Every structure is written in C-alpha cells, then in structure tokens.
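One chain, chain A, appears in both complexes that follow, with chain B as partner in the first and chain C in the second.
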Partner chain A sequence: MEQPQGFITTGKETQVCHLKKAICGLKQASHTWNSNIHAALTELGFKQTVADAGIYIMHQQEEDGPLYIILYIDDITILGASLEAVKELKVNLAKCYEISDLEEIESYLGICITRDQQSKHLTIDQSGYIKDVLVHFGMVDANPYNTPLLAGVDVHLVKYDSQASVSDIKYYQGLIGSLLYVQIGTCPDISFAVSCLVQYAANPSPNHLCLAQYVLSHLVGTIDACLCYDGATGEGLYGYTDSSLADQADDCHSTSSYMFLLVNGAISWSL
Partner chain B sequence: MTNASNQGIWYRSFLIELGYTVDKPIPLHGDNKGAIDLAGNPVTGRRSKFINIKHHVIHEYIVEGKISIIRIPTAEMVANGFTKSLACTLLQCFNSDMGLNGA
Partner chain C sequence: MQGPTLPSTPKKEQKLPTSPPPHQSAVCTEQLPLTPELRMPGGMQQQLRNVGVAPRRSVCVPVPNPQYFNTDNVAQRGGRLGNAELLATAYVGRDPASYTEAMGSTNADSWEEACKYEIAALDKNKTWELVDLPADHKAVKLKWVLKHKADGHYHACLVAKGFTQIPGLDYDETFLPVACFESLRLLLALAALEDWEVHQLDVKSAFLNGVLNE
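Let's look at the complex of A and B:
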C-alpha cells in the first residue's frame, strides 16, 4: 500500500507499506472478510449450498427442522422453524463477532417485508426506496400515469443521432439505475419499459429522458404496490415463458422473458 | 424457453439442496406451439437445422422428467407483459397474475 497522507517518511517517499492484515477499502478486503465468515459459519456446523454461495444450511434434529442463513456481505438473515435454535445461533454468532440483533425481519436491502403468520401472507414492497428516488429526482408531485410506457412509443425508441451532454447522460444513467433496482426488487410491471430504455444509457436523446421520467411518474401512482405471497394456497412452482421475434424497431432484436411463480406470487423474472 | 428451463433446473437443484423432495417435473408454460413441439421432438428440418445446439438441452430435461412444458393460449400467458408494452386493463391483469397488489 502507498504511504497514507500525513504519514509519509521523508527520504523514503518511493517506498510502500507492507500490510500484516487486510484493511477496509482494499480490493482484497471483501474476499478476506468472506473467507473469515465462511470459516466461522462452517465451524458452527453450517454448510454452504452449491446452488447459491450466499446461502448456508444446518440440518438439526428432526423436530427442529433445518436452519438457513442468507448471507449478504455482513448482513445475515436467519430462517428456522424453532425460535430457540435461532436464538442459540445468535448467541453463538455474538461470540465471534460484534453483532446488532434487529429481531424479526422488517426490511432487507431496502425491501420492506411484512408478514402475517396467522393467514400465512407475506408481502414485500419498496415504497421507502421509491419515495427516496422521487425526492432525489424532484418528481414527488408528478401526475401518476396508468402505464409505465406510452402506447406507440416505438418511434421514439431509436438511437440518438447527435451526442447527448455529459450532464444528461449522468442524469439518465442515475435515473435508469434507480429504476433497475426497483424493477429487480418488487416491481416486475416496469420491467419491459426499463429494459427498452436502458439500451440507450450511453447516449440518451431528449425523448428517452422524457420516457424515463414517464416511468417514474407511473411509480408515483403505484408507490404502495407490493408483491404478495399467499402461503395458505399452497400453490407450487410454475414457470411462464414468452418471447417475441424481432420486435425491436431499432435493431430487429428479439426479446425473450421468463417468470416463475410460487404460492401465486412472482419470485423471479428476467427478460 | 431453454433459458427459462435452465432457471427451472437451478430451482430444482436448489430445492433439493435445501432438503425438499422434488419428484414431479417443474411445469413451464409457453404459448409458442412451434417451440414446444420442437422441444418435445427435436427433428431437424430445413429451417430448424440452424438453431444453435445449446438450445436443444431442453429436450434432455423433458426426457429426464425435470421439466414439463404446458401449452397455453397467448391470452393466458402471464409473462406477456415482459415482451410488449401493455394497455391499462391488460396491465392490471398482468399485475394481479403476478401477485402485485395496489399497482
């Protein structure tokens, strides 16, 4: 590592520091942290799943059922049928790390989670995040539109002939980035609109800017929309797939998409 | 469609790893009869011989009983809203089919 500002030894300016351990901000730090927590979880009896490296399982005695851990960097979500086992795990984790216990889950990565254990309903929404985005882009008072994309919009979805200004590109990319996070989180209804607009992120025309703001205005009306999972129905996993051939007016590309539903709610979608 | 079935296969291995028993094939709905027939019976014809070989893996999944393809009319296709922009009433149907409330 280069010598930090204010701690440069005079006469040895060209020399670098030899680190004895990883410190925050280094590119190796995330890997070191992950190996550290992986070792700690493995010691507690957890096994990393092959299908998803962020998920760990521990099989216990029959009556308690398995314990699951969802790991996102240093955020840990614990799932288990027995509250005792979950509490015990938290005590064990507190021995290894300084942890803050947030009790029952309310939000995860900006997604708000509401559970009703009696009726087995689970809903997820991002109204808090969407509100922040609307405030940031000054669209809180915009008139809500019914649809995320205008009818007959294809004529505007073409490449921009001239060069957009740097500030426009920055604004557009910021807006589209926020919309993408909403789209992959809890708003599959804007997927198609966002996927059309994201293709012009490198050089957006004024029309594209208007359309991106149109999508945001749509979100004003659907700010409280939430994805509901009705566990009482007991519906299994269903997949749906659709495609359209050469539908892009601009470059004749085809679109294909799929969606999986579990207990009557969308769990994953892609296009 | 092969893309979707690959995701289905991932779900299958994930569920098995979590300790669930998955004995039935995962139902995958499609509305393209040509694609479904070709997945079930991969004959090469004059026009289908150009389809990349990687897309034919779906036939293997069907034979092994991991995925089953169900044909539904386009009107009942839930994933319609991902490939075209929908009018207001259709969008509402799309939302309720996905379990998206209040939109």
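Let's look at the complex of A and C:
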C-alpha cells in the first residue's frame, strides 16, 4: 500500500506500507474482521449455529441457561436469562475490542424494539424507517388504502411489452427495494404484494408503478402497526401454509406461502 | 395493458390509484429556487469562466440535506429560502473531496488535526510497517475520506482503493455472514417468553481488528 498522502516519512519516500492489519476499503477487510470475532467468540466458549452463521450459542450451567449472540458485522446483541452472565460477557469482550455499550436493546438495523417487562410484551416496528421512505418518495400525505393490493389485479401483473424508461426503472427499483426491507423486517401484510411486484423490477409498466405506490399508500395507514410477542400467553409454535396452483397469469407458475407464529407473534414468513 | 383502467370486474369498475407522477416528488431537491452561482461549489464557476473551457466532467451540485431543508417553509415564503436553509444548502456537499482540497481550504488546520488523529490510531494499532516495494508489484492506492460530522467535529478516515486489488493474488475470501431477520425475531420472541435480558454492543472501528495473512 502507498504511504498516506500528507504523512510520507521523509527519507523513505520510495518505500510502501506493508499492511499487518486490515483497513477500510480493502476487499478482504470484512472477512478478516469476521474471522477475528469468530475466533474471539469461540475462545469464550461460544459455538456458531449451523442454520445461521450469525448466531452463536454458549451453554452454561443449568440454572443460568444458554447465552445467545446475534452478530451483525460489528453489532453484537446478547440474550441471556441472567444479567450477571450478560455483564460478564461484556467485560470479556471489552478485553478484546474497544466497544461501546448500548445497554438494553432499543433498535436493531432500523427496527425499533420496545419491551414491557410487567406484561411480558415485546414489540418490534419500523415506523421510523417507513416514515423516511414516505418522505423520500413524497407520499407522506397520501390517502391510506385498506389493502396492499387491489382486488382483481392479476391482469395487470403481466410483463410489459414495451421498454420502460431508465428513470422509471430506477424509481421503481428504489421503491421496491425500500418495500422489500419493510417486508422482511416487520410487515408480513405487504409481503404478498411486494413479491408480486418485485418480479417486474427489470422492466416495470406504468401500471406496476401505480401499484407500487398503492402499496406505499397502504403503509401510510399501517405505519404504527407492530409485531407483538406476548410472553404472558405462553403460546407455542404455530405454522400456517397455503398454496395455489398455476395462479400467475403471466407464466402459470404456482405460489406457495407459509407463516410461523411463536407466542402470538409472527417470526417467519414467506408469502 | 397500457391504460390505467383496471379490468371491469363484475362488481364495479375501479381505477388504479392516481398518485403523483413518480419523478416530481423524488427529485424535488433539484428544483430548488437557487441561483446558478449557488449551485456551483466554491467559486468553481468563476474559475471555469476565466479559463474559458467547458467542464469536462459533471460538476457536483450541492444538494440540500432533506433533514434541514423543509420544502413547506419555502412554499410559504413564496419560494425564498430562509437563513437556515441557505446555510444547509451551502454546507452540504462541501466536504473536501481530497486531501489536497482540504489542505487548501480555510479550515485546513482542523482537517490536518483529524488526519493526524486517524494516523495515530492506525499507528497505535501497528497497522503497517514500511518496506521497499518488491519488483513487479504495484502498491494499492489510498484515499482520505473527509467528513464534517453533524456534531461539528472533523472526521478523517483513511481507506484503501480495494478495487485495484487482484482476486486470488491480493485476497481470497471476502464474505461476512450476518444473522438473518428470522433468527432475530425467533430469539426476541423467546426473550419475551422467558424474560431474558437483551443487551446490545457496538464494536468501534471493527475492521481495523482483522489480521492480514496475504
């Protein structure tokens, strides 16, 4: 690597920096960081789960129960039954890295998390993010629609026979991208609509544009809706699934969907 | 399927929602009532006029930060910008694009201090050592990313131009697995059920911790 501009060592102008540690911008920076934190967590006794490489589990003594870590690049979320164990883990991590302690979780990647310890309620919502999206697309004052998609819209969900303009495509893709993030976060209600519309992101017709804005208008009405996990009910895992044979007007593909609920809140869906 | 009318379903004919046409709202920031002089950063236009050549590349137009720019206020005042908006307009997009530009600017001292701070942090971390460049090798270029933060302090970050690296030679793996939302929701639901503690940490300058082997 070159010597940084403005900080070239005098007398050694021809020399270059041989990197020992990663810096921002290097292709492998993210991977080396991940190997590093993986090694550190393994050292502390955590095991990476097979299903999700971002989740680490440590089984402790019987009375404490396991400790969980959700790792998202440099964002570490710790879950555990005993406060002492969580605090001890924080102290151990602080030995390895320079960390800032954000205490009780309040938000995660734009998802707002609120807890009510008494009623054992935990709610997650994305109202802040949705608001930003509405401002960006100038739809804050739109009239809210009750449904994410119109009835009988199938005939409009077909390929566009002419070519959409570049700005239309950009606009549509930006809008659909924002809707997708809302959909995978906390809004299973718009999931079906978004999955219908996302198929036309390469060449959207004017009708598709209108429908995408229709979904956004639906979000105006449901901006404060949240997913609520009600621990007091103690409800177990429920799964629902449905499918429909050759329902797509375009190519006669079938659609299938599922949703899983735990303690009265949706945890996983694909519609 | 050109027209905006929907199929006549037996019930009644519905019209597709007629929202505002896409682009007016999306790019409203470009229709600001600004004089052309204001749009050009740092008297660049004057220089261009003196030299008498058309700009070769597209000139960066400072776009007001929507956080500080309220279009409602402007409409009320008959299209004229208030002091706060003007300040925001002038300020946003004026971060120096390079080290040279920063050193030539009025607050060069502050930028230099920020750069020194970053270099000190990298030195402390023993990020590199000086060596002679081996023959047949090219050094990866660097860039200073200089930002004026919202709280008023000057932030400098040294980044490598990773796009000049060669796959297989300079680096192998680049992936970084992250947790998916399903796992997050599952664990949060369990936390609600079992009354767990949920705490969050943030690792500062995480990428500087990675050790390179190549």
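Odds and ends about this structure:
Basically, the second predicted complex is superposed on the first by the 249 of 271 C-alpha atoms of A that agree within 3 Å, B and C clash if a C-alpha of one lies under 4 Å from a C-alpha of the other, contacts with A are read in each partner's own complex, and residues count from 1 in each chain.
The criterion applied here is as follows: contacts are C-beta pairs under 8 Å (C-beta built on N, C-alpha and C of every residue); 3 or more make two chains touch, one makes a residue touch a chain.
Note that the structure is a prediction, hence the values are computed from the model and not measured.
Superimposing the complexes on chain A yields a three-chain arrangement in which chain B and chain C fit side by side.
Looking at the shared chain after the overlay, A:Y68 reaches both chain B and chain C. By the touch criterion defined above, A:I78 lies against chain C but remains apart from chain B after alignment on the C-alpha atoms of chain A.
Once the two complexes are laid over each other on the shared chain, residue contacts for A:Y238 go to chain B alone; chain C is not touched. Once the two complexes are overlaid on the shared chain, A:Y229 sits against chain B and chain C alike. Within the superposed three-chain arrangement, the count of touched residues of chain A is higher for C, of the candidates chain B and chain C.
When both complexes are overlaid on chain A, the residue A:Q28 reaches chain C alone and has no touch with chain B.
With both structures placed on the common chain, the touch criterion links A:T14 to chain C but leaves chain B unconnected. Here the apex is the CA centre of chain A, and the angle it makes with the centres of chain B and chain C after alignment on chain A is 160°, in steps of 10.
Once chain A of one complex is fitted onto chain A of the other, the partner contacts of A:D52 extend to both chain B and chain C.
In the superposition on chain A, A:G265 contacts both chain B and chain C.
Residue contacts after overlaying the shared chain place A:A151 against chain B and chain C alike. Annotation: superposed on chain A, chain B and chain C show a minimal Cα-Cα gap of 9 Å. With the contact threshold set out at the top, residues 51-52, 68, 150-151, 153, 227, 229-230, 265-266, 268 of chain A are in contact with chain B in one structure and with chain C in the other. By the touch criterion stated above, chain B contacts chain A in their complex at residues 1, 3-5, 7-8, 10-11, 13-15, 17-19, 26-32, 35, 77-88, 91, 94-95, 98-103.
Chain contact summary for the complex, chain A toward chain C: residues 1-7, 9, 12, 14-37, 51-55, 65, 68, 70-83, 86, 90, 93, 97-106, 108, 113, 115, 117, 120-122, 124, 135-139, 142, 145, 150-153, 155-156, 158, 160-161, 167-168, 171-172, 174, 184-185, 205-207, 209-211, 213-214, 217, 227, 229-231, 234, 262-263, 265-268. Partner chain B is touched in their complex by these residues of chain A: 49-52, 57, 59, 66, 68, 123, 146-151, 153, 186-189, 191-193, 196, 222, 224-230, 237-244, 247, 255-261, 264-266, 268-271.
Residues of chain C that touch chain A in their complex: 1-2, 4, 6-7, 9, 11, 14, 16-20, 22-26, 28, 66, 99-100, 103, 112, 115, 119, 122, 125-133, 139-144, 157-162, 165, 167, 170-212, 214.
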